[in-house]
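Worksheet: one structure, shown below.
Order of writing sets the chain letters: A, B, C and D. Residues in each chain are counted from 1.
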Amino acid sequence: MSKLGLDPAVVAKARRLAARAAEPIIEMARTHTTVSVERAVLRLAGVTGADADGTPWVNRIADAVREQVGLEHGVALPVFHALREHQDPRELVRARFEVPEGAHAVRAGKRAREAVARGIARIDANRAERDRLLGKHGDPDPPWVYLIVATGDIHEDIPQAQAAAREGADVIAVIRSTGQSLLDFVPEGATRQGYAGTYATQENFRLMRAALDEVSGELGRYVRLTNYASGLCMPEIATLAGLERLDMMLNDCMYGIIFRDINPKRTFIDQRFSRQIHARAGIVINTGEDNYLTTADAVDAAHTVIASQLLNERFGHEAGLADAQLGLGHAFEINPDLPDSFRLELAHAQLVRELFPDAPLKYMPPTKHMTGNIFAGYLLDAFFNLAGVLTGQSIILIGMMTEGIHTPWLSDRDLALENVRYVRRAAGALAEDFHPAPGGLIVERARRVLSETVDLLDRVADDGLLNAIADGVFGVTRRPADRGKGLDGVIVQADGYYNPATEILQERP
Amino acid sequence: MSKLGLDPAVVAKARRLAARAAEPIIEMARTHTTVSVERAVLRLAGVTGADADGTPWVNRIADAVREQVGLEHGVALPVFHALREHQDPRELVRARFEVPEGAHAVRAGKRAREAVARGIARIDANRAERDRLLGKHGDPDPPWVYLIVATGDIHEDIPQAQAAAREGADVIAVIRSTGQSLLDFVPEGATRQGYAGTYATQENFRLMRAALDEVSGELGRYVRLTNYASGLCMPEIATLAGLERLDMMLNDCMYGIIFRDINPKRTFIDQRFSRQIHARAGIVINTGEDNYLTTADAVDAAHTVIASQLLNERFGHEAGLADAQLGLGHAFEINPDLPDSFRLELAHAQLVRELFPDAPLKYMPPTKHMTGNIFAGYLLDAFFNLAGVLTGQSIILIGMMTEGIHTPWLSDRDLALENVRYVRRAAGALAEDFHPAPGGLIVERARRVLSETVDLLDRVADDGLLNAIADGVFGVTRRPADRGKGLDGVIVQADGYYNPATEILQERP
Amino acid sequence: MTVSVDTIKQIIRPYGDTTGDAMVQVSFTLPVPHGPRAESAALQLAGKMGLDPATVVHSKPMGPDFTFFIVYGKATHLIDYAGIVVPEGREYPLLTPKQVNLAIKSVLGRKLVVVGACIGTDAHTVGIDAILNVKGFAGEKGLEYYREIEVHNLGAQVEVAELVARAKEADADAVLVSQVVTQKSAHIHNTKQMAAAFADAYPTSVTGGLGRPLLVAGGPRFDTVRAADLGVDRIFGKGTTPGEVASYLVAALVPSWSPE
Amino acid sequence: MTVSVDTIKQIIRPYGDTTGDAMVQVSFTLPVPHGPRAESAALQLAGKMGLDPATVVHSKPMGPDFTFFIVYGKATHLIDYAGIVVPEGREYPLLTPKQVNLAIKSVLGRKLVVVGACIGTDAHTVGIDAILNVKGFAGEKGLEYYREIEVHNLGAQVEVAELVARAKEADADAVLVSQVVTQKSAHIHNTKQMAAAFADAYPTSVTGGLGRPLLVAGGPRFDTVRAADLGVDRIFGKGTTPGEVASYLVAALVPSWSPE
């Protein structure tokens, strides 16, 4: 039941153009691999742990393979060929690698596939376990309240996360240490030294998921856990998330490019693999279009958000994600000094809702226009919460009145929850009384943003997405295709490239 | 254009019942007078000033008349008869009064009427002057922002009021000193010693109106002034307001009874005369139904608010007030812990709006459920401001986040204005997108409140309004008709009672 | 009023997001024009309040002569939590209405007479009504509901002289006054004035309630004073329930009774 | 930094609604369970902050171990407003882009080279971009727009070693770093570390900016420290505009030039 009366032909056109713009990128991702993709294969195959310096064995092994025979055939064949002789990673890294051929190749491939299949089976088991727990504890109705913990110390995060869950959080996000996305390895073990956030590690994932399982039982409501895939290790972190039953992951096709200056090719290749894993794991991804509005103006750039969502959708679908797994991001960032700012925001939020009716949209609170005036901030957050209710958003990040000042205090979070609770309780089903006047400001604004989106996608489809990114179309940040971190980790697949994980994942269960 | 789809037949029935319930009271008011009504006549006739103890001459004169010949013939004839000999009030209070008869009565009546007509001419001139200034400075569009000053000192009030006007107030209310409504005289002169408010005096009215005229010129927007008529001196204060060009007055048919324990008869007689004056002066009255919800529950007693508004409307019309002068009061007082509190409030506010489409409704902010949590308070005020925008309220009192703590600070007022400015700017014409779902919670709630109103008025019309008041129907406070302050100031008119003011006012200009 | 002192030594500081960070938020207005000089003044005040370091996160001119500030800072003070002398909530047992009635009937042998009012120009009756009216407060019935308590609720804006007269007339055991308006310390002045008037009117009065009715004051903002400062026997604050008051009346006026 | 001191003696206090009422609002969390003991602790803290009297108007349990408080009170402190030493806004004249270009061209005879970056793990580039990018800030164009300024904007998350190398490579006259994240005083540590690295890398460096590039730090929350504490030449805070920075660069690096 559309409130905006969008023209289905225009919507279909936008989707067609997004698919056309995405196609060359998908082709590139199909024919390339990266160091992190290959390390993810090793992780699926069961390689864990790190050397005495903290460098994960998967890095040591992939580096050794790359040095000796290159990674263009994938890591699987050389490693499983070498595994005939060396079982222990400590020895394996010192092995002489070769790319097996003929029967050797067949045998190595078979064993690699069996090993990786065991990893994927564990992901499947986790998915089933989640379904079981959702049935047992209960699945909260959307919108889900999404709260952040960020102490830097997993053992401090745990009680804070449990407390947040008890206070009403449906989703707990553990913010990552500021530097992690630029690390080309995933740290190991339980960590206590993060910086404005806690390192994403397999052990931290495990500990937090266990803690939330405990509190889910206590509350009779399954509390979801989320973390960040984006960064140089997107495929590996996605894998670890699947292995440890995380429920959602920040995963955007372009965030790393624009906001972390990661090489565009690297990012696009990594995101495809990581999303194939998420798809299998039943993990809901959260995309990062909200970030664009922190560097670009929320009104001027509204159509870039929609264009990016359509691209994220296309890439997601191609990687096997269902609509219900597409937590497309957007944000309440319109300058509050503008006349009609709230109505404009309702137009944008409703447009996203109607374009992606089955997606669990992630809606971000105001950040850019939050100042030191905490009262003004509390007010703005209230209107954000109301916009969420009126336009049926799915995953609601909770805005902090002190956003312009410091990372959230305990009391900020408590007051923020009081705010959203009041708004939801007071407004109830008010959305059913919200009907944008035909021809009115909201309807016209939504129509205009959609048409600007179509125009933009048209240009992007013609010029190529990589060129658009280089031109600063998204987040007014220019990122040329041949620059940025991690480009040296990109490898063109050779003939005979073999990746058992992709093979299994593309068969679909 | 009704959003609630109210049944016009039910609305008409409610009005008929209100008229029936009001009728005996109107009859009583027509056949009685009060000490304050008579003093108001003297004020219109030009008697001003006070004795050395601060007792106004009008009180001294009326008391002397009452003592000697009673007030059942009105004060006009005895006084204007005595005026043949004594012109100075100082002497007049020592005069021997008699009720003139025959030609003497005719002559005294004629001179009284001439004197009172001069007072009324001054009121007419003020009304014309207001119209001129509205044309000159400009009349702000509703909703009008209504702000309070309450320092107790008129010379502190003035700069604060001017500052408030500069910050966006369209209406300035000077809160009265807490004790004044129970004084059976109007203090004289400029006062500096009020208690949680400033005394309402003719001179204070004059000073403040002049100060606001000054600032109106500066701002290019006519800033309205309001004060309180209710209390033991309703007729006199209404008169002074007319003489000094106030623009609005708090004037309720029952507030004094319920919240100040003033005798019901006294109040009903006084309110009729005071409203005749307001009608002539072009003053907008503000009624006090909002107060009911501070002692009664805003959901349970919603229909008592509507019933009272219909009564206030009937009494107002009968006294000559036009619809555009009926600032009927209501308030955002629903417990914020209730589910759907905001939607329920929208139902109530929209119902009032649709029942009285031409009345400049006065909408009061939350007070009862404001606590020491100033953040929660700021939030509640924001939703009040939004309800005002969505339901087209006319006069918006500005809620203070510290309502539960102290009388407003400078910064409270500033933050409160930031709040309402944001909400109005951000929401713009959002009301056009607000369409209560047919059969939904809002529509059903409004319908139910209206039908409860009809039931209540039916009972009141049968049992008598005075009995209903005695039973605590309004504001859950019981006020028997023969109790309360000021009953001894009520006088049954004798045959030959003469009141030149009523005579002129009832002729209509 | 009794006190309790913890035995464990415990020193605490405010908590922002880490133990010991000692962060607090402050807001205030200074009567000076907006600008860097005003900001320095705000930081000086924060410094005197013991905030170091302190940051002005928001400053806003309010007209030409005033500036509003929001400041965050680290409090240098320590709180000796273990050493805190904490007023015990209640120095008497909480009784059921039944027990209250029984106590009065069995010991006093007559109804206990209570006179209540809002004094001075205060017209906020909701609080005293919550204690006295049958309807009550927070699910508890008010004193009128107690069979053995005779309630005279005089309502709002009662003058002290009238209150004394009515208390004498009714032969009151206890006088309950409510004070909600606190502007210019009205509640303090009015309550003291009331206590003095009772002392005058009952020359036999001695502290402790002998020779005059028990004097009880209530209202939401009495937390800066103690009963003795005002000359009354007890103060009740925010959120008081009728049962607490009834139980106190028994403890104070029927001290010989015990629930067993 | 110069100072100005008023000649009139003026003692001020916070202002609620009356001159001299000295009222302020405070909020904080204490790491203790909710209850009367916690409230007493809150009042103790308020007392130590110099609030007397003080009232807890709101207290709320946040889980079993923490309580949030809102307190209002009268500050006993006086502020000597006349005696306040106030940092002057700017110690150099504000120039137009034209004047800046002229100064550089006529005195330096070559382009002035500026290297900018967000250092450490800080990825907040909006602030430094506001100063450097053509687009600029608050209606003023950024330094890239100045014909005579050569800008190398290195972007986010630049390591100090790399910054030093790039500054040397470009033969930078000035290095501009932005620090927005302040958690655990990251901005202070990172800036100090950067200053130390430049001191090391340019052994001829003496205070005052000779022998090494001029070091400029910026970000919204540097107001608790002074440039000298960090080892840089100047700090720019909230709301800085590109023109202010360009004018400062001229004043510091082309001191002999004067607009006349």
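As a convention for this text, a residue touches a chain if its C-beta (ideal position, glycine included) is under 8 Å from a C-beta of that chain, and two chains touch if they have at least 3 such contacts.
Since this is a predicted model, take the numbers as computed values, not measurements.
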Taking contact as defined at the start, I'd like the list of chains shared as neighbours by subunit C and subunit D. A, B
Check A-D against A-C and say which one is joined by more contacting C-beta pairs. A-D
At the largest C-alpha centroid distance from subunit A we find chain B
Separation of the C-alpha centres, subunit B versus subunit C, in whole Å, is 34
When the centre of a chain is set as the mean of its C-alpha atoms, what distance in Å lies between subunit A and subunit C? 54
Indicate the whole-number Å distance between the mean C-alpha point of subunit A and the mean C-alpha point of subunit B. 60
The positions of subunit C in contact with two or more other chains are 15-16, 23, 25, 27-29, 56, 60, 66
For subunit A, write out the residues touching at least two other chains, lowest number first. 406-407, 409-411, 415
Given which chains touch which, is the overall layout a line, a ring, a star, complete, or other? complete
For a test of understanding, state which residues of subunit A touch subunit B in their complex under the given definition. 336-343, 346, 375-376, 378-380, 382-383, 386, 401, 415, 418-419, 422-423, 425-430, 432-437, 440-442
Residue ranges of subunit D touching subunit A (in the complex, touch as defined): 27-29, 60, 62-63, 66, 68, 121-123, 125-126, 135, 155-157, 181-184, 186
Help me check something: in the complex, which residues belonging to subunit A touch subunit D? 163, 166-167, 177-179, 182, 195-196, 259-261, 294-295, 406-407, 409-411, 414-415, 476
Subunit A-touching residues of subunit C, taken from the complex the two chains share: 15-18, 23, 25, 56-58, 60, 70, 72
Which bits of subunit A are touching subunit C when the two form their complex? 151, 371-374, 404-411
